Every structure is written in structure tokens, then in C-alpha cells.
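Working notes, beginning with the structure itself.
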Amino acid sequence: MQDAVRELVRDGDTVSIEGFTHLISFAAGHEIIRQGRRDLTLARMTPDVVYDQMVGAGVAKKLIFSWVGNPGVGSLHAIRRRIEDEDPGPLEIEEYSHFGMVCRYVAGASNLPFFPIRSYFESDIPKVNLKIVPMRSPYEDGTEVYVVPPLRPDVAIVHAQRADANGDAQIWGLLGCQKEAAFAADRVIVVVEEVVDESVIRRDPNRTVIPSVIVDAVVEEPFGCHPSFAQGYYDRDNAFYVAWDDIARDPETLDAWLKEWVYDLGSHRDYVEKMGADRWGSLRPEPAPSGEVDYGRYA
Amino acid sequence: MSETSEAYEAYSPSEMMIAASARQLGGVRNCFVGVGLPNIVCNLAQRTVAPDLQLVYESGVFGARPERLPLSIGDPTLVTGAIAVTSMFELFAYYLQAGLIDVAFLGAAQIDRFGNINTTVIGDYAKPKVRLPGSGGAWEIAIHARQILVIMRQGQRSFVDQLHFRTSPGHSGDPAHDASRGWWGSGPTSVVTDLGTYAFDEASGEMTLVTLHPGVTLDRVRENMGWDPKVSSDLGETLPPTDEELRLIREELDPEGISTK
Amino acid sequence: MQDAVRELVRDGDTVSIEGFTHLISFAAGHEIIRQGRRDLTLARMTPDVVYDQMVGAGVAKKLIFSWVGNPGVGSLHAIRRRIEDEDPGPLEIEEYSHFGMVCRYVAGASNLPFFPIRSYFESDIPKVNLKIVPMRSPYEDGTEVYVVPPLRPDVAIVHAQRADANGDAQIWGLLGCQKEAAFAADRVIVVVEEVVDESVIRRDPNRTVIPSVIVDAVVEEPFGCHPSFAQGYYDRDNAFYVAWDDIARDPETLDAWLKEWVYDLGSHRDYVEKMGADRWGSLRPEPAPSGEVDYGRYA
Amino acid sequence: MSETSEAYEAYSPSEMMIAASARQLGGVRNCFVGVGLPNIVCNLAQRTVAPDLQLVYESGVFGARPERLPLSIGDPTLVTGAIAVTSMFELFAYYLQAGLIDVAFLGAAQIDRFGNINTTVIGDYAKPKVRLPGSGGAWEIAIHARQILVIMRQGQRSFVDQLHFRTSPGHSGDPAHDASRGWWGSGPTSVVTDLGTYAFDEASGEMTLVTLHPGVTLDRVRENMGWDPKVSSDLGETLPPTDEELRLIREELDPEGISTK
């Protein structure tokens, strides 16, 4: 992870760590904090705790998002302080609805100059985000839509359950917009619970979400999504999400947390060790196997 | 089920809101579920008035069958055993924008008399007093679902005469304009609060008090909203939660009382 | 199948039997022929042999497509006779590129009034299909694209490997544009190799391509794609595709084939029986299992 | 591999086309494969000059590893054991339109001196003499792939001065215009026929004969095209297929000689 972040994430970049509640690469966020990146534009549908940590650590100058909160808990206080009180400085924001964010990635992934959606009518959102503009259908009906511009992150970081060493990555469970964000990005880091043999990927090609052709680095980082979850591997650590509310409310507590859990640790491996085996054991679900399908051998 | 003691019958305002909302889902085929109260409402409806109700989540899950009360709309328990999991593009494009969703739920920091909703900021957008989460899927839900249920506690700060920011639109106040929009829905169709239930008047598009919850007075309603409410000519009383509804809520759906206190 | 076609396919309908070389519902095509539907507009990326049979049988007045041929073999002669010689009558055509057809379905499925693509520049296609129109991006770059209109078939017929009794259908192997066509259509018929218990579907929800909410009828029709193939169930019957070239070249041979293999049979079950167990045995692949993944039980 | 008899060396025109095309794939990362000759070309390249070549098919397959010679671009043998299978929307939008494809192959019923291609009709569009298959993915491939190899036999009816219909564009004849198009590619970059190999002149965008296959004369080339061809100032001779190339084609890739007769 150190090498991937060092080589692929640069000051001033637009970075998308995607994953809708599921498979959020906290490990990458922490490494970006540790390496002291600055002036990043952080894009994500739902900034979640990981971006609160990154904003709290001072890596970001701007946020692009569609819903900024601690899901199921409440607010993200480090981000709110920056927006409401410019404390310790202002944070530029650019906001959409969920579908608007998704379509920005789709446009970026598809090399389209705009993407039409039936959102934003009679809302104040286009008044505060001038990138959202109305357009008429060129067909007879002349239906009005809005369009959003493509989002092409410099770097997308996607956590997957597994990938081969080339980066062909498979995901099951919630898919969010990781595929779209990865295809839209210039550089892609794939982080996985397990690096597996290419033959495992090739046995079930319909499960592959991200192909190696767009991947620049593959990092194996077990528990790299904690406190978010990896379907089938571990549960969301809800106690952490709840605890974060108190931690982030006070800048000093937040700094202390960053020192203890990010700066003073060399890597996510240290974090996993420090968290302790009991914690990981308590988050492990019982098995629920998918069953197999038969692709047939056509030789 | 046989127990009907007075203690049991002393239901909470949340339980009243849940029961009143669930009854509105009778016969509904599918429902776009939010977390918290809406989640319990849908699960209660599935066990009472809408046994075939399919639960759809904006995280990309269709036909969820959660084994525990989900902590968020992205809880892994929603995925395991679901009918389908899809990308968010497809969920928003093919299900929601295409008009496949019958009923959805919205919450709000502020709502006005026409069902316009603010979930973005309290105060000025550029320098907000409180930065709220923003739209999320709310804009799309507000217009693309055919019916919208709003569940929220009411008060002077939430039921306002003038929104600080209009995140998603409700009725325009002009029914001719509403009809010409060509949307699947047209903002909230029903509001359930801790004090009563509201519908929206067809002619004016205005929120109209339809029932008061047992023990609630019209004055108390007026004290807890920022405008003088339209009241239905045949204002009734909401039926209290039944023993069966309370039993399901307390024993099956929220045994720890997370959302129903 | 008789009931599904009787109730859901009407004279004059626009019908999409989709499936890109894979999972083409010949069984539905034959039933439509048997029931004598007329004036259909047949939409399909690649009309394939099934539409040549349907056109040869006189069910169609129009074809919407992006590539009209017998894949790997050559021409579709019944269709060519209608287009080249108006024999036995004219056939209206409306043609796109592959991506244009796909995007028409995506627009239909998404309820969008148009869909932008970077195709058709400096081509004669927009000159002969006036539904393809140029448009400029409203953003500063003013990039030019073309747009295609939504395609909303009255009926989409999709063959899948398996579905539950409600129509929740799972497909593996080539996905073509079946999902998009089904979501775009007013009415959907799902045909499957096997109806399975709902629990089989629920064990692997990421595999589900079409949800029951859009499905109007579910039909179990083993070998219903022959001579096309069902991944893991049977191979493409290439001998049939080759033989079709001769059959369709002569209208009389074509009529005789239709009589023997469609009109004189009551159902696809009769077709399967008439084709004979040896034929089916020869098309059966060796197994190539996908392996399982673990969704985890979160209770 | 040790056998190099004269009979072995008596290669067919198709084998010459295959070998000459495969050599052009040296170092290429991925290739959009058509069926027939292009399929053999790519497989030969994978075994010789481009061991890491990923095969991509418009049917939605990335990284195919076919166990038999596929009969169509949708053959099930392309799926089993592939790296990824995706919807056609994603294949065309995220791979092709987004510029991820390095090299693709096109065939044609007619091609002109600038590499414009007709796969739609012979004769008038409204009342065609021959109705051809049409674009398929050809339009998208012609412009979105960074390089385009055309493999086809040449003759007066296929190498024409004037196309009957322009399905997909080649070079415009005006390099300034070509550069301003902003496309990933700009029509064919190379043409391999049964008689020789062609490149496209940078200044004029015109097809230029670069090598003659062994034994082919310039006159024979002229007799088999509808315009007077531009000829490279250092016209060379194509290297004949090597024994190893022929062995691979005959023993591994097309033992039944389906595509190589």
C-alpha cells in the first residue's frame, strides 16, 4: 500500500475512494494521511467516516459528494467544522444527488461529454451547482432533462473481496459505483482481502467487476475496509461508527485518534494487530455459500 | 398475542407513527426503504397488510429478506438472501427513474405546506448554520416513486413556512402545473407525524390534516407547525396500534427499541 | 409458452427477442409463427436465424437491427429477399450500429428521452436513419455527439438459464443486452432452461439479471434456444446454422421446413422430441463449475 | 519444428495474410478480435510476438482463452475460462468508447483509398443489389480502437474508387481535419491482403503499398484494385511465413483448415 499510494496519489489529485457502505478502503485513506498528501479533491457519493478522517487530517481542499453523513449515526463533524465554521479553514464543496454522482462516473467511464438525467427539476441544487444544466431533447417531444458533466478522478481506489495478481477483481454484495469510478479514473488502485490465483477468477468470469487492463496497482490488505465491511468476510463495525461521532466532535480527540491509529502505526497490518483478534472474531459472519453454476467446458 | 394489558397498550409516539404508516402500505407491491422507522414500517406492513411487499434499497438491493434489523441501508444482512443485487446506476436508472417503484419514504429536516423538502442546510447555503447530509437519493425518490410517505416528528423548526433550501420538490400549489410535469410522482402523498396523519389536497396540493392521533388536540398540532394547517372537513382519529402490531414491533422488529423509543 | 404468447404478443407489436448469439429464444419465435401473429416490428441487435424464420413465415412488417446476418455462416436469405426484391413484399428497415442499438435499449430502460454516443460521425448511417441526430454538449468544450432515441418494445422475450416461479432470472455467460431490453419493454416473457426454487436465486443475488417486478410470464422450455446455445447446458448447433443457409435460400424449402418443424408441431417439447436424444447428447458440454463465494450470514 | 520440406513451405495466400498480420501485433496489450482470420491472427501473435496479448470480443468477453477455434464471436468457448464477461453496454461504453482498445480488426465488402469502409449495401440503399450485414460494431471499432488492421482479399469489386455506402469512416484525406476529430483512432492503420501489405501515408492519409508478398508483381496488384495505388518509395517484399508460424497455424490453430484454405 505504501508503494501504491506513493507512486499513484499526488498532491492536488482528485481521488475517489468509492464503495457504498460496503468495501470502503479505509486502509488507503489512512496511508494517504500517513504520507501527508495535501490539496486533494475528495470525490465520493457518501463521504462516510473515512473522508471525515482524511479531512480532519488536512489532506483535502475540496469535497465532491451527494450525501455527507455518518450513515445510521449522524454527522461527520470534521467536515461540518470546515464547512460551517471554516475551522481550521474553508472546504470547497460541489454536490449532486446520488444519481447525479453515479451518472458523472458513468459519463467519465464512457468518455461522454455529458450525461442526461431526469433529476433536479424545481430544486435549489442547480442554483448552487452551476455544473448541473438543463437541456432539451432534440426529438419532437422536446422533453427537458438536466445533464451532469463527466467525473474523471486522477485516482480511483477500489476495495474488492479478491483479485488475481494482475488486478482482475471480483466483488459480490453491494456494487455501488466502483466499476464506474474505476473505469472513469486515470489511475486505479485495487485493494483486496485476498490475492487469488488467476484460475479462481477465470472459473467465474461473470463475477469480475474490474479488469486488469485499467489497474495500476494491486494491494492485499485483509480487513482493509474496517470499520466498513466486506460481504462474507466481516461485518460492519457499528460500534466504531457510533464511537466516531464522539471522537470527531472535538478536534483534539480527533488528533489523538489519528496519532494513535494512523500516524503512530506503520501500516494497516499494525492497525489490524492493534485492533486485536477478538475484535475481528466478533465481526466474522457464519457462512452463506452462493452455490455453483456450470459454465461448461467447450473444447 | 393474548396479552392485552394496559401497560402493553401504552404505546409510544413512534409506535403510533409506525403503525399508522404501515397501514398505508396495504396492497403495495414494492417499497423503497430507508433505514430507521421506514425499515420497521415496511417490515410491519409485510407481516400485516402487505404480505407480498418487496423491499428495495437504494444501495442496490431488490427483494431483501433481512435476518436482523439493518443498521443502515447498506447493511450486509440486506444482501444475503436477497432476490437481486444491482449496481447503483441500474437501481436509479432502471428501477427508480423508470417508474417501477410504487412507494418510497422520505425524511426531512424541514418540510413546507406543499411537501417541498430540505435536507441540505439550515441557514445560508454558502455559510450554513447546520450542514445537513444533502440530497442523497432524495431528489430522485421524491419524483420517481409513485407515492411518497414522509415520516417525521413535527415542530416549529421542521414544519416551516419557508424552507431554507429546497432539496426536493413537492406539489407546486398549481394542480395544472403538477399534472404537466410528466413525473411518475409529484412529491409527498402522505405525512405521518407523532401528532397525526396528513394527506395532500388534490385541488390546492396543500398538506391537510386527516386524523389526529388519540389524545392529541388540534391546538397541539397548530403549536407544532409554522403555518396554519388546512384541516379535513371530516377530521378523524387515528386508530391506535393494535396489540398484534405492538407485539410485532416489540418482539420481532425492534426488540432493543432502537428506533421505537 | 402458448399462453404467454397468446396473452402477451399482439399483432402489430414491437417485439424484441434478444440474446447475443447466446440464449436466443427460438422456442418463442416458433410459437409466434404458430399462432400466426402479423405486422410485428422485430427488434434485435443481430436478427440471426430466428428472425429469418419469423420473417420467412410472414409475421413481420419491419426490422430494427444493427447487424443482419447468419453469424459465422453468411446471409439471412428470407430477410434479404424481402429487402432486395420485395419478395413476397417489402420489409421496412431501421438500422443502427451495435452500440446505437444497445443505447436505445438503455434509454428505454432508464426512461430517458435520448441517449448520447460518440458514434456515426462521417458515416452514411445518419443519412438513411433520420432518428440518429447530432447534438452539442452544453458545456464549454461544445463536444459534438450523436443521440439515439429510446427503444421501448411492447414485448421483450428473454431466455435465461434459470428463474424462480416469479420470474427472478439468472444468466451467466454472455449477457448481451437482455437486461436493458427487458427493463425497456412494456411486457416481459422470461423463458428458462429450469424453473428453480426461490432459495436457489436468493443464495446468489448478484447473479440475478432480471427481477420478477418486470416479468409478466415465466415459461420453462428446456433446449428453448436451439440452435443457439445456453452456457453450461448445451452448445451452439453450428450444423443447423450452416444448414439454414441452404434451407432459407429457396422459399419452398423454407416453407417445407416451417411446416415440418414449426406448424406441424404442437409445441417446443415436440421439437425437442423430434430432434432426438442423440442430437442433444452431442451438444452437451463437460462440466466447468464456477466455484462458490461466501455471502456470509448476518443474523 | 525441425521439418522444413518444400511442401511445408508451399503456404497458401491466407497463411501469408495471417503471418503478415500477426507480426503487426508485436508488443500489443489487447486486441478486439473478429472471427475467422482475425481470430487466428491474434492467437498466432499470442504464441509468437505478443505473449501477453489479451483477447477482447464485442460479445462482452475480456481475456478469453478459447479451448477450440471459436465459430463466432459469441462462441461459448470464449466465456469459459475468460477473465471477465460484461454486458455489451459496458463493453462498448467503458472499453471501446473510452479508448482502452489498442488494436482491432475490420473486414469490408468495399474499401476505398482512404480506408473508408462499406459493410452495408451493394447498390442503392433503398433498393440494394446485395444487402450486407451492416455496421454491427464496425462503426465504433473503426474510430475508437487506436489502431485498425484490415484483412481482406483484394479485387476490383472490393478495392473501389467509390463506395456504394460509407458505413465507417477512414482518413479524410486532410490530415489537419483528421487531427481535429479528437477520436482515439482515425480509421485503418494497416491493410493486409492476399497480394501485399499497405500502410496509410501520414501526409495524404492515402493507402500506400509497402510490401508485395513473394511472387506478386505490382501489375497484379494494380489489376486487383479500382484505383491507381500509391506505392512506397522503398517498396519491399513481405517476409514469407516461417516454419514455426506455419506449424502453429496448421497444427494448433486451424488443424481442419477452416479459415486458412
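Per-chain residue numbering starts at 1, and chain names A, B, C and D are given in the order in which the chains are listed.
Keep this in mind: a residue touches a chain if its C-beta (ideal position, glycine included) is under 8 Å from a C-beta of that chain, and two chains touch if they have at least 3 such contacts.
Everything numeric here is computed off the predicted structure, so don't read it as measured data.
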Path length in the contact graph (subunit B to subunit D, fewest steps): 2
Label of the chain whose CA centroid is most distant from the centroid of subunit C: B
Result of counting contacting C-beta pairs for B-C and C-D, higher pair: C-D
Cα-centroid distance, subunit C relative to subunit D, in whole angstrom: 29
Geometric centre distance via CA averages, subunit D-subunit A, whole Å: 40
CA centroid of subunit A to CA centroid of subunit C, Å: 37
Multi-chain contact sites of subunit B, meaning residues that touch two or more partners: 61, 75-76, 79-81, 85-86, 93, 97
Residue list for subunit C, restricted to those that touch at least two other chains: 106, 111-112, 117-118, 143, 172-173, 175, 179-180, 203, 206, 231, 235, 285, 288, 295-299
Chain contact graph, described as a line, ring, star, complete graph or other shape: other
Every chain pair meeting the contact rule: A-B, A-C, A-D, B-C, C-D
Residues on subunit C engaged by subunit D in the complex (per definition of touch): 20-22, 45-46, 65-69, 71-72, 75, 79-80, 83-84, 95-99, 102-103, 106, 117-125, 128, 143, 172-177, 179-180, 229, 231, 235-236, 238, 285, 288
Subunit D residues within the subunit C interface of the complex: 35-36, 58-61, 71-76, 79-81, 85-89, 92-93, 96-97, 120, 125, 127-131, 133-140, 143-144, 165-169, 172, 181-183
For the subunit A and subunit C complex, residues of the former touching the latter: 111-118, 133, 135, 137-139, 141, 143, 145, 147, 149, 161, 170, 172-173, 175, 200, 203-204, 206-207, 231-233, 235, 285-299
Subunit C - residues contacting subunit B, complex: 106, 109-112, 168, 179-180, 183, 198, 201-203, 205-206, 208, 211-214, 295-299
Subunit A contact footprint on subunit D (complex, rising order): 29-30, 54, 61-63, 65, 67-68, 75-77, 79-86, 90, 93-95, 97-100
